[in-house]
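Order of writing sets the labels: A, B, C, D and E. Residues in every chain begin at 1.
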Amino acid sequence: MEEKRIGVYVCWCGTNIAKMVDVEAVAAKIAKLPNVVIAKDYKYMCSDPGQEMIVKDIKEHKLNRVVVSACSPRIHELTFRKALENAGLNQYMFEMANIREQVSWVHDNREEATIKALDLVKGAVNRVNFHEALDKRSVDINPATMVIGGGVTGLSAALELADAGNKVYLVEKTGNLGGHVANIDLTFPGLNSAAEVLEPLIYKVNNHPEVEVYLNTTIDEVFGYVGNFESTIKSGGKEYELKFGNIIVATGLTPFDPGKISSYNYEKLPDVITSLELEKMLKEGNVVKKDGSEPKKIAIIHCVGSRNADYHEYCSRVCCLSALKFSNQLRSALPETNLFQIYADMRAFGKGCEEFYASTSKKDVMFLMYDQQGDLPRISKAEEDAGYEMGIEFYEKLSGEDIIVPADMVVLMVAMEAHEEAKEVAHAVGISLCGNEFYIERHPKLDPVATTTDGVYIAGTCQGPKDIPDSVSQAKAAAARILASIARGTVEVEVTTAVVNEDVCCGCQTCIKVCPYTAISFDEEKNVSVVNEILCKGCGTCGSACPTGAIRARHFTDEQILSQIEGLFSKEMQEV
Amino acid sequence: MSQKPKIKMAVYWGAACGGCCVSVLDVHEKLLDVVAAADLVFWPIALDFKYKDVEAMDDDYIDLTLYNGAIRNSENEHIAKLLRKKTKILVAYGSCAHMGGIPGLGNFSDRKGIFDRAYQTSESTVNEEKTRPQTETKMPEGTLTLPEFYNDVKTLDQVVDVDYYLPGCPPQTERLVEVFMAIVTGAELPPKGSVVGALEKTLCDECEREKTDEKVIKEFKRPWEIEDDGKTCFLEQGVICMGPATRGGCGARCIKGNAPCRGCYGPPSTATDPGAKMMSAIATMIDSDDPEEIEKIIDQVVDPAGTFYRFSLPSSIIRKTIV
Amino acid sequence: MSTVVNPDLNAKLVKFGNKSEWNECYHCGNCTAVCSLTENENLFPRKVIRQLQMGLKDKFNSNIDPWLCYYCGDCSETCPRDANPGEMMMSARRYLTSVYDWTGLSGLFFKSVPALIIAFVLVAVSIIGVGYAKQFNLESIMEFGHVFEKMLIFSVVVLILIPNIFHMFWLTIIKEKIKAPFLLYVKGIWDLFLHMFTQKKSLKCEKNTFRWFEHLLVVFGYILLLITTVFLNWFSTENTYIIWFGYIVGGLVFIITFDFILERVKKKKELSKFSHPSDWLFVIWLFLMGFTAFIVRILIDTDLISNNLWLYIVHLIVIAQWGILIVPFGKWTHFLYRSFAVYFANIKSAELNS
Amino acid sequence: MVKQNSRAVIFQERMNSGLEKLEQFAGEFPEVKEVWFATDFSMKDKKSLSTRIKENGVEKIIVAGRSPGELKSFVSASLADAGKNPEDLTLVSVNGTILSDGDLLSVFKAKILCAVKDVHFELASDSPGNEVNKKTLVIGAGIAGIQASLEIANAGIDVTLIEKTGTIGGHMAMFDKTFPTLDCAACILTPKMVEVGQHQNIELLTYSEVLDVSGEAGDYTVKVFKKTRRVDLATCIGCGDCTEKCPVNVPSEFDAGTTMRKAIYIPFPQAVPNKYILDGDNCTYVQKGKCGVCAKVCPVECIYLDDKDETIEIKVGNIVVATGFKTFDAEKVERFGYGKYPNVLTSLEFERLLNAAGPTGGSIVFRSKDKKGNGIFEANSDSPERIALIHCVGSRDENYNTHCSRVCCMYSLKMAHLVKEKLPDADVSEYYIDMRSFGKGYEEFYERIKKEGIDIIRGRTAKVEEKNGNLVLRSEDIEGMKLIEKEVDMVVLSVGLEPGEDSQKLAKSLNILTDDIGWFAELNSTNQTVNTVRGGIFVAGVCQGPKDIPDSVAQGSAAAARVIQSVINSKVKKGLSDLSYNDIETKVNELISTEE
Amino acid sequence: MEFEPKIVSFLCNWCSYTGADLAGTSRMKYASNIRVVRVMCSGRVDPTFVLKSFREGADGVLICGCHPGDCHYHEGNYKCLRRYHFLKKYMAQMGLNPDRLKLAWISASEGKEFAQLADEMAETIKSLGPCKVKEEMEIFD
């Protein structure tokens, strides 16, 4: 058996860790653990010099295992694995101890934090003793892509891919392409026709030899792994077996139901309408009240369902500008009508948007600020002889007055919500949701379109509220990833899958039902279970269910975890 | 064969039922072969030897000792240590020596608890003076001693170094003979610490019942609660069977007798704690996602610890009840 | 009680010179913070803009803040939206002038240039008519002029100015339910006159020192000219001191007003960038008043007046237009309203703080 | 189907500046019956147009002008009023931002042609394009450029990445934490930088600038000015001996002038490439021919003091422009006293101050003076107890920049939080106009900061003055309805973003357009945000308009998608300025015939 | 000295570990008693690991997984739930207070909830006092 030579590196992360953890002491103590050849601390392990230090040490000290104690492995595990690889060491001979997100940032007692950090590093060192080299496998990429969602995001992504000569299966739940943009009249801030954007996209998609469109279709389940997914979809009474290498999820949004806010009396008062309804009226060139007459006073209320903890805490990002756009359009359609904007903060942040706000404010629009977190405006029917239909009563923040806004029509700028079926799609393709049902990206900054599942990308409003340009940017960004992988032709797949020790497996078949991916099958001849490593996603549940211990969850083996637990409690150097 | 010098062999009975010794006798006519190949230098149940005879032996005098039974009292321990000293190959023979066995269940209680029950609270006991066994009793004739009754039951290897384990309650006699013959013939011996006389695979591998992946349990049943067709896997019928987590080698005798496996052969090398493993596997099979329903189903298993650790409590991770 | 907002007030204000650009205001609060005169009790100009934008008419009519602004222009210069709050305050003052004026003429003249021209022409024609009636006899015309001036002053003060001040008082104090003890009113009188004649407050705007000085000279020049011509009978006196004094004050008035006019033409300073007709009228007529008086007296001194009687008539026309139109209904009123505003504001804040 | 003689073209106003011909041109189509002008109608009266529609039997209307959208609702209401389909309406935007020079007229003519013929301009201007040189040039190595380069390089395409300064990383490398997750910028950026440095498909040209670009889509020749580093990249081991001995001290650009660097220096310890640079403009040897001590002490003799700049030419097929931004010069707003009062800081300076790897190791201190009187920050100085942050400095202000810089609200909130973290007892206040926390997790972040004991006040600060040795700022607290005169020890000005200094020059050499402010103009603000009027030239990141990190990253990737697509196809699509009227006309006819 | 328990916490990689990281990125402070062991899925948590933790000296064990229905691997968390209940029953039988073991659902966005949970768990264990398994086992051996 080879001699185990472990290098341990403790990161300062500037002051992020060093402030709360005595990193030098940790390194010094860890150096005394069995098999630890070298233990160092450094300001930024993830930086170029930091990584080079590891590479150099691996070569110089013949290290065969490395532990880095720094931030969360979710951030830098891959970085350091790469460094190991650069040094010619198998990248799985590595373990990370998270002493930033889970130590220095969450504790305020330096001594306790240091003890905890030390424990975690001991655990990691103990664990890494049992790590084994795993070889990356690469698989060929099927150049076809499935795009879920036929809105502007999905269409843009599909075209970007198809224009490079790749097959795209575009799956849309409804009977039409175009999504929400199809209901929009003009775009902001340029006041361009939304149809001018959408119709060419639809035309191109429908006439593209590489795009197959499936309308009225939903996805139940997707099998496989990056580069080689497959799914059976039902469309128009027929079943199609599709095989594809990547997935872009662009399921879009659903508008908030303003009926949930009782003070707005939506659907109780006839002329309280949503932004979508107004959009339709503008498209039809006919902005009228329910009784067919022309409204003399129109009020637009912002943040309906947004920025309020009772509904959604987040900002829906587009409503401010949509509302300004409405003001412009209404001014054009009904020049004499009084317009009121009841807003919270005017979020005109995009290119040309602040200027659009300024030009709109010249158009005789009354801007009124309300407290979107406090008492929401109350819309009630006005008295007969008031000269207007409804009164909107609230506290106006810029003047400090309690006021009533007279209105014949009230437009509610409804929030964007994640699509109601986001959850099911997430399950089908194996991605996660964040708290408010939007999909969670791999990294909020550097990887906004990738997910934690390889080969599955998210784009557009399913990831969070967004306007059209930002959605399209994301669609293209997702396409870029896929195009790059198609150009490479192969992709490396995770090897931390489960594996059956056939010498031990007794064929009880307990494991088969456990696997959610049907990756385990039973080999009648050998009387053992077999894991299809390509289907396996490495959750390790079967490993725990196997009564004989015949299934090993690679990189999370019983041995490794048990030794990590031992390490956490190893008596050596308890005190600091 | 006769040219070869006879090996010296000992058999000792610790905290056990005696079944293991009987199993040695169960070799029947093959005993003659054994005797032809080995001298029995110490076997209290069959032949009259005194401890001091053993004490008088040189170290490593005995070639093979089959120690059966757990370590329950000071005498068990003393002899175990003594035999270890005098023996070249010490085999933990049977479940008790291997994993603690049935006596190991004593670890659900402690000395006091056991004494209270045995000498006081059991329904048939009348002991108004609250007499308890004492390690020393002063009599006019001198001091009488009894071995000390330990607080816990231990396996043999928790007391002395063990060379091989031969599991089973009792071990299959055929296996004993195989092992014995291997030693006698000087065949290459497995590495120290190995379990011998049992399979690497678990019982299901030997079990002839039909197994499918339909292991879903909505209700736990006791064996008498099912109408067994003799063919379907017990687990698939809702009966807890330790087969999957228990080494094969016994020939699936219990199963053949339409009784589920109870785990006397102990875990395969890959499972550290057979009880926990089996608990995990069985829990996985429960067919419910509702916490309350799950609890209800689990409540049908009256004694999980006793069920999953019937033979292995002292060798498990949590070896005894915490008081 | 909640007030109903009124989007129409906006349109009304536009006619008083406001170009409506203040609707661009996005309420950053810069103008208020940059203003040296604003105080916690009187927050302006932003709050004034807000009342206008929202059409809070009652609140606005009772607001004295616009009078506390001396238009240094800082707010307009630094306004991030070019909403021009300074000019808006100016318009607000015009509007308020029309609100206080019970006759309603003020509003008419501010809003309608034709009405203004007609009124000016009417006055001029009347004076010429008087001249005609007097057969263009220099002495009787001058005598008429002298009496007319006194009568005019008296009637304007009694019929227009005092009622309007009371109207202002009613709107800003009574209606606002400020109940100050009488003593406060008495105590404030000194301040009232101090501000009326010195505009002391405007000194707080740092850039204003020179302008304040100019303004002070004009005020004193104007008042002294008034006294010299009306009460000391400058045109008829033989007293050399008075004559020279008249020359000095007359000159002072037209020289400085000439500079004011120049500035409005050059549009360099923030406050002179935009001029409402009423602003032009005010400075030009002030200039003309000083200038014609000056020339008339020169003509008298050089005995050329009899051949140039028309000049005196022009002077009289200017005086009449000034006295009948500009003083009671035009920009002149700021002389009173400003100082009363300071007076009322002091009483108000003293009352609120007690 | 195109019905003869049934449409009207409405011009928003009379055309001028050479576009008068459009009016006549529009009238010449057989399909067009009427050419009207919006000024002929009363917007207040729908009937004014609808009767004309009815009278003339107009079925479809084309609205052309600088901003035809402003008329759209009026026209569609009129159409509806006249009993026609309100959606039979096409907007043709005729404004100079599409093309500033070149054949403006032909583009607008083509647009009107498409509108008249019922063909989408986007389809008609879609061309198969030219052969493409697979090599790609990325200009600017901030996060957007890095992202684009990595995406492209990962597709196996050769990338040349040009960076003006001595290291890649751009502004993001200067930041301490990033909002709203507060993970440190270095932690997420440096691995990407390392990846760029090590990528086999990326050629890195730091300290270089693009001088001139010629050629056409798919085949550009780029002249690159390579400033000499005077340090050999291959042999420099980054030991730092040279820096230690260098006698020259100049303000460090990377630290936004908060500390000094030597004439031979490394921008920051994690720089890529991690090699030294000799700054010729400040080196005594280069300027006066004396000194040269660095070359003497260099243990590997990698310093070549007499090296000269050079100009090289490279040939590429696609160009991604990601040149980023510069921050607003706060000295322009005199009343905030930046440059006058030492403890009025820009946010970029403050960012360095907060940074654990910055001049003070992350402690917030007063500005002090070094021996030569430079205002620098030193770790052991005193800390301020009262800090104010002022939003929108140089943004949303018609006196400076009209645009919103998009990131200041969030970075100011982040800074306020970091101050509280480092100085828990500090009095921190923030002055804003509108709080623009619009992104994913941003509003939640804002809510969290609100609870941290920071005064977040709606009201733009008007001025900062020094009184009795204290800084006093004056603001209106709008929601509190009061005036604030607050004494503070330090003021941080949240300066906005402006187009980079050379962006106009670069736009000229690339022959692409900028908008009024100077940001590079995208082809179409809705769905062609990375394309420019020239084929094969794409823009990404803040140089196209202010953006935060995730949006820059997404755009970097989107631009990469375009490049990868063209390389896979071996064809790069032509841009609008590469097409002639005839090209588009041919395509229109083609599209009409396939329809039929 | 006050008793500072050690709590081993098994966190699933997708939800709970991310949630715990979020607590960190949000700088929420919580008790330092937690020692985290990352697993891919709460379904990977083998009863053996829990028992081993107690054996090695843990005073409490906290298992966190995705919320029901949100498991990254569809239903691993349900498997964990079933094992958890079995374990509790077993623990009770072995004289280990079942309150020393806790299973909770923490999503990736629940940094605050994780911090609270950590504090609550530390409090619970403190009130239960030190776990004697390790001590007893040492006596046993």
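One rule holds for everything that comes next: a residue touches a chain if its C-beta (ideal position, glycine included) is under 8 Å from a C-beta of that chain, and two chains touch if they have at least 3 such contacts.
These numbers were taken from a predicted model, which means no experiment stands behind them.
Asker: List every chain that touches both subunit C and subunit D.
Answerer: A
Asker: Counting contact pairs per chain pair, which pair wins?
Answerer: A-D
Asker: So the centre of each chain is just the mean of its C-alpha atoms; given that, what is the distance between subunit A and subunit C in Å?
Answerer: About 65 Å, centre to centre.
Asker: Would you kindly tell me how far, in whole Å, the mean C-alpha position of subunit E lies from that of subunit D?
Answerer: 48
Asker: Return the distance between the CA-based centres of subunit B and subunit C, expressed in whole Å.
Answerer: The mean C-alpha positions of subunit B and subunit C differ by 114 Å.
Asker: Express in whole angstrom the distance between the two chain centres, defined as the mean CA positions of subunit A and subunit B.
Answerer: One centre to the other, that is 55 Å.
Asker: Residues of subunit D that touch two or more other chains: which are they?
Answerer: Those would be 181, 183, 396, 398, 434, 458, 478, 481.
Asker: Please output the residue numbers of subunit A that touch at least 2 other chains, ranges allowed.
Answerer: If we look for residues of subunit A contacting two or more partner chains, we find 346, 358, 398, 514, 541, 544-545, 558, 562.
Asker: By the touch rule stated above, which residues of subunit C touch at least two different other chains?
Answerer: Answer for subunit C, listing residues that touch two or more other chains: 26-27, 47, 81.
Asker: For this entry, which pairs of chains touch?
Answerer: A-B, A-C, A-D, A-E, B-E, C-D, D-E
Asker: Enumerate the contact residues on subunit B facing subunit E in the complex.
Answerer: Touching subunit E from subunit B are residues 108, 152, 154, 158, 272-273, 276-277, 279-280, 282-284, 286, 288-289, 291, 294-295, 298-299, 301, 303-305, 308, 316-323.
Asker: Across the complex, what residues on subunit B touch subunit A?
Answerer: 200-205, 211-216, 233, 235, 243-245, 248, 267-272, 274, 277-278, 280-281, 284-285
Asker: Hey, which residues of subunit D end up touching subunit E in the complex?
Answerer: Touch residues, subunit D against subunit E: 181-183, 421, 448.
Asker: Given the complex with subunit C, which residues does subunit D contribute to the contact?
Answerer: On the subunit D side, the touching residues are 335, 392, 396-399, 433-434, 458-463, 474-478, 481-484.
Asker: Can you name the residues of subunit D that touch subunit A in the complex?
Answerer: 43-44, 67-81, 86-87, 90-91, 93, 120-123, 126, 147, 151-152, 154-157, 178, 180-181, 183-184, 186-194, 197-198, 238, 269-270, 272, 274, 355-357, 361-362, 395-396, 398, 402-404, 406, 434-444, 447, 458, 478-479, 481, 515, 519, 524-527, 529-530, 544-546, 549-551, 553-558, 560-562, 564-565, 567-569
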